[in-house]
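Look at the two complexes coming up: chain A is in both, with chain B in one and chain C in the other.
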Partner chain A sequence: MQQKLRSNFTGFLFILPALAVLACLYVFPLLRAIWISFLDKSGNISLANYQKVFEFYLRDILYSVAISGLTVVTALVISVVIASYLRFKEWKFLDYMYRLPLFIPFLIVGHAMRIFLAPHGTMNSLLTRIFMVEELPGLSTSWVGLLWSFTWIMTPFATLIVLGAFKALDSSYVEAAQNLGASKLKIVFSILIPLSRSSIMVAMILTFVRTISSLTIPIMVGPNSPTVITVDMMFRVNYFNDWGVANGLGVVSYLIVMVLAIYYLRFMISERGGIKG
Partner chain B sequence: MKRFAVLTFVVLLAAIFAFAQEDIPVKVTLTLMVAGDQNMADFFQYEIAPEFEKLHPNVKVKVVGTGPGDAGSQQIIQQLQLEKDSGKDKWAIDLVIIHETGAVWAIEKGLIRKYTDFLTAKRLAIRNTDEIALGFDVDGYVMPMFHSQTAIAFNPRYVKNPPKSYEELVQWVKEHPGKFGYNGIKQGMSGVSFVSGWLYWQSQNPEVIMNGPYDKKYEADWEGIFAQLKEFNKYVTITSGNAGTLDMLNRGEIWMGPVWVDMFYTWMREGRMDPNIRIVIPAPGMPGQPMHYAIPLKAANADYALKLIELVSSPRMQAKYIIERFNWYPAIGDDYVAPFLDEEVLDRLYKDVKQDDLLKYGKPMPLLQYKQDMLEAYERWVEK
Partner chain C sequence: MKNFSVWKTTLKIVFVILILFLMIGPLVGIVLWSFAMRWYWPSPVPQDFTLRYWIDVFKQGRVLDSIILSSVIALITVGLSLLFAIPAAYGFARYKIPAERLFLTLFLMPQAFPQLPIFINLAGMFGKIGLRGNMWGIVLAHTMASLVFSVWIITATFKSIPIELEQAAQNLGASKFKTFWSITFPLSIPGLISGAIFVFLWSLGEFTAAFFIGAPFIQTAPVLMYTASMGYNMQIASVISIILVIPSLLFMILIQRYLKAEYISGLGG
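And now, the complex of A and B:
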C-alpha cells in the first residue's frame, strides 16, 4: 500500500511540470477570460457584454463559422484527392510540394495572397492578358479570397493526417478489392475513407479550430465586413480598451469549438467503445 | 599583500570608470516604447538614438516598437499597468510615445506624470494639442512629437477636378462607382478619420463632437447620418488597412481614397507610390492627430527622458528629422522651424495642402466617448 502510494506520488511528480504549465498558461487564462466576460465596465457581474456580442457581432460569428466550415470542406476534398493519389502512386514531386505551405508563415501568406488576388494583382494581370479583357474583379477583398487563402494554408496539414491514415491501412484490404475488380475510385470511397473515418475526423476538427482562431489572414485578406471573430476581438481591445466584450467573443468561440470537441468524443466512444489515440 | 591587491583592483576599477565617463560616471539604459508604424521605431532607433548617445556618452538608448494604431498605444498602456501592478519603485520604461487615446488612458489610470513645466520646447508649441487631447485636459502630461494629418489622395490621371468638399465627393462617387476606396473602421485610422470627417460634415454639432461636452443628446441625428454613409458605401471599394488604400491607389484600382499625409509622402519618396498622385483635404475638414511624448509615473531615468524630449523638440531637430526625413508636420510653430529648412523642403511638405488649409481643415479627432460611439454607430448602422 505504502509502496503503491509512493509510486503514484512519483508518477505525479513526473507529470507535475506539464500540469503546471497547463494550469498557468491554459486553465487560468481560460477561467479568467470567462470571469472578465461577465463583468461590466464598473466591475459588476452582468450580461451586458454578451448582449453587445449578440447585438453587434452575431453576423460575424455566423460568418466565422461558415468560412471555417467551408475551409474544412474544401481542404478535406483536396487532401483526400492528394492522399488517394499518393496512396496508389509514388510521385516524389507532389509528395514534397503539398507540404510546402506548412513552412510558410501566415503573415507571408496573407501578404502574398493580398497582392496575388488584388484587382490589378499578379493573377489578374496574367488572366487579363490571356483572355484579352480590360478588367477583372479582384478576389482579395471578397470571402472567396479568404477561403482561398485558408484552404492554401490548411490543406497540407489535413493531407498529412489523411495520407498517414491511408498508408497505415492494411494493404490486404485494398489488394483484395483490386483482385475482385474494384476500380480505384471505388476503393477510395468504400475502403480507404470509411476505414480512416476517425483520422479524417481529427483532420476536420483541427482544420476548423486552426481556421476559426486565425487572425493574421483575415486581417490581410477578405472583406472588411462581415469579418471574423478574432478581428472583432482585436477591434474591441484596441479601439475601446474593452476586454469584457472581447472576452465574451472569446468565450463564444470556445463554445463553438467545444461543440465540436464533444461531438468528436461521442463519435470516438461509439466508434471504438472508448477514447484511444 | 592580499589587501594590497584588492585595493589596487578597486582603484583600477574606479580609474577605468572615471576615464571612460569623463562627464557623468553613471551608466544609463534609457528605454523607449514607441507606438506607431515602423517609421516611428526607425526614427528613434536610427536617427535619434545615435544623436542622443553622442551628446550623452553614458546613455544607451533602447527602442521598443509596439506597432501601428491605437493597438500600439494599448500595448504600451498594458506594459505600464504591469509595472504599476508589480509595485516596483523604479519602472523599467523611461519614455513612451503614444497616441492621443493612449495619453488619455494613461492619465485616467495614473500611469504617467506631469513634466512639461520643465520643458523649454513647450513654449514653442503653438497648436493646443499639448493641452487638450480628444477633449481631455492633458496639459502638463504630454508634449507632441509631430502632427499628422489625413487627406484624400487622388490620381490626377483619372480625377481632373478633385472634390473640394464631402458633398462634391458624394456626387463624384455616384458618378464613378467603386473608384473611391477607404478601409472601414476596423483596420487602421485613415478610415476612422474619413468617417469622423463625414460626421463633422453631417452633424448639427460638429464643435461639440470635437470639444465636448459629452452628452448622448448630441447623437440624436446620428442614425440618419450613418444611414447615408451606408448608402455611400454601396459605391465604394472597402480596402484592407491604411497600406491597403495606398496599394490600391498605386495600382490604379481606386482613383481616390483617404490616406495619412506622412505615410503618403514617405511611400512616394521610397518609390512605392505613383509620384503623380496628389492630396486634398475636403471641406469641412478631416482629422489629424499628434503623437505624444509622456514620461511614466516612476520612470527610472526620467531626467534623461526629459533631455531626449528637449532634444527632439528643438527647432533644428524638428526641421532635419520630423519634416525633412519623415514628412511629418512639426510639433512646434512653422516659424521656429523655417530658418533651419531649405525652401524646397517646405514647399514639398505644403505642396498640395497649404498651411492655411491645414489651419482651416485640419480638425482634431472626436472626443474619446464620441469617437467610441461613432465606431459602434458605424458597426450598428453601416456594417450590418
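And now, the complex of A and C:
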C-alpha cells in the first residue's frame, strides 16, 4: 500500500509542470473569459453583453452553426466514400492526394482558396475556357466558397479517422458477407458504417468543433455579412476594444459545442479512445 | 470485355483529372502569383513573370524578418513544449495518477473546445504584464497550445516501449534515472522527433495567437501574410505561403508512420 501511494504521487509530480502551464495559460484565461462576459462597461455584474450578443449577432450565430453543420455533412459523405474505396482497393494516388491538406496551415488554405475561387480566379479562368463562356460567378465571397474551403481542409482529417476505423475492423465479417454475395455498397452500409459508429461520431464532432472555432478560413473566404462568430469576436476586440461582448460570443461558442465536447472527452478517456488503455 | 476495361480506364482518368483539379488547383494559383509581375483577367497565366518577390525574401527586409522571427518562435516553442511534455507523458504512460480522469480531461479539453476565446484572453492578460506585442507572449501561448498534442504523441511513444525492458534494467541494479536515460529515452527518440516536428510546423503556421498577442509590434510570417493578402499584395502573400507550405509537405512524407488523427486534431485554427 505504501509503495502504491508513493508511485501515485511520483506520477503526479511528473505531470505537475505541464499541469501548471495549462492551469495558468488555459484554465485561468477560460475562467477569465466567463467572468468578463458578465461584466458591463462600468465593471458591474450584468447580462448586458449577452443582450448585445443576441441583439447583434443572433444571425451570425445561426450562420456559424449552419456552415459548420453543412461542413460536417459534406466532409463526412466524401470521407466515407474515399474510406470505403480505399478499404477495398489500393490506390496510392488517392491515398496521397486525400492527405495533402492535412498539414497546410489554415491561413494559407484561406489565401489559396481566395485566389482559386475568386470571380476572376484560377478556377474560373480554367472553367470559362472549358465551357466557352465569358464570365462565371466567383465563389470566394459567398457561403459556398466558405463551405468549399472548410470541406477541403476538414475532409482529409475525417477520412483519416474513418479509414482507420474501417481498416481496424475484423475482415472476417466483410469476407463472410462477400461470400454470401453481398455487394460492396451493401457491405459499406450494413457492416462498415454501423461497426465504426463511434469513430464516425468522433470524426463528426472534431470536424464541427474545428470548423466553428476557425478564424483564419472565414477571414479570408466568404461573405462579409452574415459572418461567423469568430470573425465577430475579432472585430469586437480589434475595432471596438469591446472585450465583454467578445467574451460573451466566446462563451456562446463554448455552449454550442458543449454536448459534443463532453461526448468526445468521455469517449477519449474511456478505454475505447485508446489514449490510456 | 475489352470495351468494359476501356470504359473503366476512361473513368479513372476523369477521376484523376478531377482530383488533381480539386486538390492541386488551389496550390497552383499561389505558385503562379508568386512569380507574377502583372496578371490581368482573362489571361490564364500572368502576362509578365518576375523573380522580384522571391529575391525580396532573401534580402534584408520585412519578409525575411518575419520568417526568421517565426522560425525562432517555433524553435523555442519546440524546446519548451518537449521540456514539459516529456515528464507529463512519462507520468501518463507509466504511473497511475490520482484523479486521473480529471487530468486527462484537462489535457484533452483544448482540443474539444474553441481556442479563440483562450487566445483573446491571453492577449488581455499579457497586455497587463507587458507580454503583449512581445515575442515571449507568443512563445508562451504556443507552448500551452502545442502541449496538448505533444503530450499525446509522446505518451503513445512511451507506451509502445515494453515496460519489461525498464524492469530488467532495474533488476540489474540501474537507478530509475539511469534506466530512463539509457533505455527509455533512446528508444523513444523517433516519437520525440515526430512530436517536435508537429509542434514546429504548428507554431510556424499559427495565426490566431500570433495575431492577437503579437499586436501591434510583432509580425510573424503568417500575420504578415494575412496583412499582405488583405491589402491585395498577392505576390508577397503567395511567396510567404509557399515558404510556409514547403516544410509541411516535406515533413508529412517523413512522419507518415506517426500519422494518427487524434494527434493532429489540435492543428489548424
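As a convention for this text, the second predicted complex is superposed on the first by the 255 of 277 C-alpha atoms of A that agree within 3 Å, B and C clash if a C-alpha of one lies under 4 Å from a C-alpha of the other, contacts with A are read in each partner's own complex, and residues count from 1 in each chain.
The working rule: a contact is a pair of C-beta atoms (placed from the backbone, for glycine too) under 8 Å apart; a residue touches a chain by one contact, two chains touch by 3 or more.
All of these numbers come straight from a predicted model, not from anything done at the bench.
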item	value
Touching partner for A:44 - first (chain B), second (chain C), both, neither	neither
Touched partner set for A:268, first chain B, second chain C, both or neither	second
Which of chain B and chain C A:141 touches, first, second, both or neither	first
First (chain B), second (chain C), both or neither touched by A:123	second
Which superposed partner A:160 touches (first chain B, second chain C, both, neither)	second
Contact breadth on chain A, by residue count: chain C or chain B	C
First (chain B), second (chain C), both or neither touched by A:59	first
Touched partner set for A:172, first chain B, second chain C, both or neither	neither
Which superposed partner A:227 touches (first chain B, second chain C, both, neither)	first
Residues of chain A at both interfaces, chain B in one complex, chain C in the other	114-115, 120-121, 219-220, 234, 237-238
Footprint of chain A on chain B - complex, ascending	69-71, 74, 77, 105, 183-187, 237-241, 244, 247-248, 251-253, 372, 375-376, 379-380, 383-384
Partner chain A, residues of chain C touching it in the complex	16, 19-30, 32-33, 41-44, 83-85, 87-88, 90-92, 94-98, 100-101, 103-118, 120-125, 140-141, 143-144, 147, 151-152, 155-156, 201, 204-208, 212, 215, 222, 225-226, 229, 234, 237-238, 241, 244-245, 248-249, 251-252, 259-262, 264-265, 267-269
Interfacial residue positions of chain A with respect to chain C in the complex	4, 7-15, 17-19, 21-22, 25-30, 32-33, 36, 93-94, 97-109, 111-116, 120-123, 125-126, 128-129, 152-153, 157, 160-161, 164, 203, 205-206, 209-210, 212-216, 219-220, 230, 233-234, 237-238, 243, 246-247, 250-251, 253-254, 257, 260-261, 264-265, 268-269, 273, 275-276
Interfacial residue positions of chain A with respect to chain B in the complex	55-56, 59, 114-115, 118-121, 138, 140-141, 219-227, 231-232, 234-235, 237-241
